[in-house]
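Presented below are the structures under discussion, each in the form of structure tokens.
Two complexes follow with subunit A in common, the first pairing it with subunit B and the second with subunit C.
Now for the complex of A and B:
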């Protein structure tokens, strides 16, 4: 019988090999464990708020109502827990004036205005970020001819990506909330203003805490991701399409519009959505520029009223209910419920954009 | 038709063409031959100013006249130049659109919207490129569904749709099988009645088969140019003879 020439040898290098791989594997599993722990905790604790055991299985009240103050009191020996409106109705019904009740802010009702506010923030900032990002990506990778200025621009974009979100928030506060000009029919004496003629002035009074300020702040924050994603998508379009278009007598813009952008757009869109979804989760920029602790779901009519209104936002709401109000047994319900809704929303957006990308990639192949 | 006078051409600091002097006559097929990197494509891309797209390129001295006009004259609009001087690329590059849209593209960017007119031109160009019979039932399907040879003929059809005077072809058959190559060569033969054709080729037989004149380049210089039979049977320069007989290159 021959000896097996491939038999295991317990040499030192094999031992090291096993150790190294063991470490790598452990590291990877640790990440998985962390992710699972986060998801599981939020699902476990927030599930009770968002879902319910009986049909329709989803707690619509939590999703569709505004946050309310919770009143807890003893009535004829029974412990009552009522939201603001219910509490007032209860008092009126019984003709009771003063009931001694403990109040817990934000612990009753739902989070509909936050969902709505976050939705509008995402839509608006995505539109702005896409427009600015795609324009500058096209300029940088199609029109510009290298050079120092372009190098400087790229450096600026890189730096923008590294700016902490709190700094963006403060920047937005300084620029949009306190400084940006507003067109008005009167000269506001308390702020610098520029006459523009026809009886109008630009008053540098700032836009205030409102959707518009939040849009621009979030858009600036998402811009580096959008530009990088757009440039990458543009680079993925074969050079041959541009050359062939130009050789047929197209102008550069015609070539870009008809034979570059259409093929790059799916990639640009989906990567940008991911980028914006990520910044929409940031609290700092929103809390200085657009978010209120309490607002009703948007009802303002007219465009200017709409973009000039402050909103509630999911990340800021989470921040408020978990650190700005006194903690007690009633707050946890809202904290985890909001976190769960937020998580579902953001991963929903991410999944949709990835699915969209796969589908669109299939359509445009070359 | 095309006259090149003492042309020096640079990619940044490196000179790719040295003092090129040549004349390309009308309604003839002129072949550019020579080993890789000798500057054939560079010269070809000078004729429709495709090199403008590459950063750092410049003409050191000399000029290029097409129909007597210096194409770098400030009065020359590069867009109208490219409409007159069409190009077919080495790697066939149909747009990922329908066959019809591919052919109509050149007219659409000129602002032609009339559907009837576009249909006419598409049919005429496809017939001109000997492709009509093969694709007439699938004009509105993707051009990427065509075979490699058909795609290259589509690119030729696309180029002739804008009715240029000159067609530049940069190794149009290098990615094609022999049968597809034969079809394209046949087509070139047909096209020379109406167009002036300049073709870069690596394939000696191809140059011999389909060109009237041949120019041999080596290391960025024009070594010899003349009637194809003459270049192939009785070249003046020994370099040309060595290259054609396969002793180097």
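Now for the complex of A and C:
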């Protein structure tokens, strides 16, 4: 613009403009600097727990063991830090009865049950959310032609997206943990029950704090994200595909099944990974419905035992270790380590989603 | 006609096709429309989910008002309210004493600052100390009476509690079919009338004690002459004395209130609702009386959100303007995903960051001398509303940024071109054309950011300090640096410890309902704003 010979030469306003734009830029970079600071601190402090200098460079013990209580004590003038099992073995070996030790809960061992629990929570809830979300999106973008019901559905989805996560937690507690019916051979007098015949009753006693409760609660939370992502990829499929298929005499479902879904599905799945990041990162809904402070890794056999058990979850574990135990050199290890593992997991998921989405957009271009 | 014979054939085939289709209609549906229904049903699940959330929040929370109402009735019946009238009088006296002590501290430190030796400063205040001590001790008779009455009333309330428990136990036994065991459970109803007589019989004793109180108070005030403090502090002293005199003047009112108090006066039905919505105390598991007032939590939530928005709105909007209007394409391609990536950081990790690092560092910053002019500095607590607000701002920035950026890019190109054609600079175009044109989009971005912030749980639970009290707004901006508790935080913190079905459990659900309605309201307003925006550009 400076080269324009007709331009009004007002260096003053240009200076102001440059200054203001500089401020805008400073603000933008301040945000990025904050993000970098958060990442760097957690990587720096947690790196020592999760990684190591010698091969295999990753501290597998931290990733593969259960959390244990840490015992810190003086023995023969040497300061010892031992986990629960080691401590007991040590006492037995030396024949010592009472050792005065400082104890720090959760500070020894690793976080394997938490990783496992988070994995199961994400898999289950995303299965439910994808099923519901993809079929809702198919209805909204393929079948519906406006109207009151569709308006209402869209309004509900929009509002569902704005409900605070803790309210989802309360809802899950009220519905799944305390109300959902359980099939049993006896009529529980303390709760309402419904006879279903053959000597069985449906007792409305709730499922309790378990995987299933967590799945449904988290699935409802992820639903708006999944629907939005699925609708976007359905809309990206050109109209001609459907019309050509219909013109050849296919029914609407045949057109959708053969000419829309195959092209939209990859996009739906990759965009829905963002929903995974949201589900995996939430603590508040899980803490009432599925998570325990301490639980052994999935020992129950049988499907119903499996989904009926509570689990440990990474986000809840971070909450527990950052609020319920003191902060010092002994507890720092597990605090930063867990935070780092969780951050890598969630940001890895999010990055994958973003990268895959850009690639997908490039691949399908009609 | 020759070809009239060929016409019936297609008709028959059509009829056949229709009949064939009719055959495959189990519920009056063809396969295709059944599939359609299936998808429709799944889509309608979103509505069902929203309805279920409302229903189950209400189902668990609705019982709260009944239970709270009973609690308030027992509070009156057992005479706790009566004792609280006297306690209120004593609390105001304690406030006076605190004011006197604060004044003494000020005078003392002022004297030290002026170079007086500590002993000399203390000696100079001997007169004031005698006054303050006499002022503090003036209430001792009333105080001892109040503590006697407290015990009495608490005992009555406890007996009532035992009675209620026994009734419940009986009902449970009868439901389980154990009528014999139910009859064996002893339950004695509390005769409130008789119990209260013992309580209200203390009124003459109280009146005597109160007269003594007033006398001692006046005597103490007489001790505080102009010579008891340095001349510069006389106005403050007389202010204190005036407050004490005003306080003493309220004694007859307290007596009248006590005399007029009736244990069997009905508690109005709305009392339970107003006690929740406007109650200034959230007090649980107390031996005396539990109060479930949402105001301290609500104000805590608002304060934290306000701090977060004060930081996040300028930064988010500025970044949106920068990325959409100023930055080059190279910068744009990486800044935008980078900021959106922040949204993926789990809130609990940010909360941990606040506990482990940010709280400490902010306090260290607040202790530097050249920042001493900031109200509220140095921070007394590591975890406070400001710490939580900073982290929440960080969480809200991606939301505000991407919505604001959308709003800015949605402004039609010709708006910008027209502005340039008229000779406006880029800055003028941005500030006078683009921002006003996208204003409603920006407002809705801010509203949705607010919705995100007020519903956030883990950060405030870990970093807001969790003190259930209304911040002291007399300190001005210093209130930003006080620990608060929030609506989301209290649910997360206390839900794990309460008995399902208890009043505390239901109170937490009521807080959840308030949050839910708030979120719906924010969403609604944001949508309305966006709708307006469409019309204005159109």
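Definition applied: the second predicted complex is superposed on the first by the 339 of 366 C-alpha atoms of A that agree within 3 Å, B and C clash if a C-alpha of one lies under 4 Å from a C-alpha of the other, contacts with A are read in each partner's own complex, and residues count from 1 in each chain.
The criterion applied here is as follows: contacts are C-beta pairs under 8 Å (C-beta built on N, C-alpha and C of every residue); 3 or more make two chains touch, one makes a residue touch a chain.
Quick caveat, the model's predicted, so the values are computed rather than measured.
**Student:** Could you say whether A:184 touches subunit B, subunit C, both of them, or neither, answering first, second, both or neither?
**Tutor:** Neither partner.
**Student:** Just subunit B (first), just subunit C (second), both, or neither: which does A:145 touch?
**Tutor:** So A:145 only meets subunit B here.
**Student:** Taking the superposition on A as described, I'd like to know which of subunit B and subunit C A:251 touches: first, second, both or neither.
**Tutor:** both
**Student:** Using the touch definition from the top, say if A:259 reaches subunit B (first), subunit C (second), both or neither.
**Tutor:** Only subunit B; A:259 stays clear of subunit C.
**Student:** Decide which partner touches more residues of subunit A, taking subunit B and subunit C as the two options.
**Tutor:** C
**Student:** In the superposed arrangement, which partner chain does A:156 touch: subunit B (first), subunit C (second), both, or neither?
**Tutor:** second
**Student:** First (subunit B), second (subunit C), both or neither: which does A:241 touch?
**Tutor:** A:241 contacts subunit B only, not subunit C.
**Student:** What residues on subunit A does subunit C touch that subunit B touches too?
**Tutor:** 251
**Student:** Provide the residue numbers of subunit B that touch subunit A in the complex, in ascending order.
**Tutor:** 48, 50, 53, 55, 79-80, 82-83, 86-87, 89, 91, 93, 95-96, 105-106, 109-110, 144, 155, 158-159, 162
**Student:** Please name which positions on subunit C make contact with subunit A in the complex.
**Tutor:** Listed in rising order, the residues are 31-32, 35-36, 38-40, 42-47, 49-50, 52-53, 56-57, 59-60, 172, 175-176, 314-315, 318-319, 321-323, 326-327, 335, 337-342, 344-353, 355-357, 394, 397, 401, 423, 425-428, 448, 451, 454-458, 461-462, 488, 491-492, 495-496, 500, 508-509, 512, 515-516, 519-520, 522-523, 527.
**Student:** Any idea which subunit A residues touch subunit B in the complex?
**Tutor:** These residues of subunit A touch subunit B: 145-146, 238, 240-251, 254, 258-259, 263, 364-366.
**Student:** Spell out the part of subunit A that touches subunit C in their complex, as residue ranges.
**Tutor:** Residues in contact with subunit C: 8, 13-14, 16-17, 20-21, 23-25, 27-28, 30-32, 34-35, 38, 41-42, 131-132, 135-136, 138-140, 142-144, 149, 152-153, 156-160, 162-171, 173-175, 178-179, 189-190, 220, 223-224, 227, 251-253, 274, 277, 280-284, 287-288, 315-316, 318-319, 322-323, 327, 332, 335-336, 339, 342-343, 346-347, 349-351, 354.
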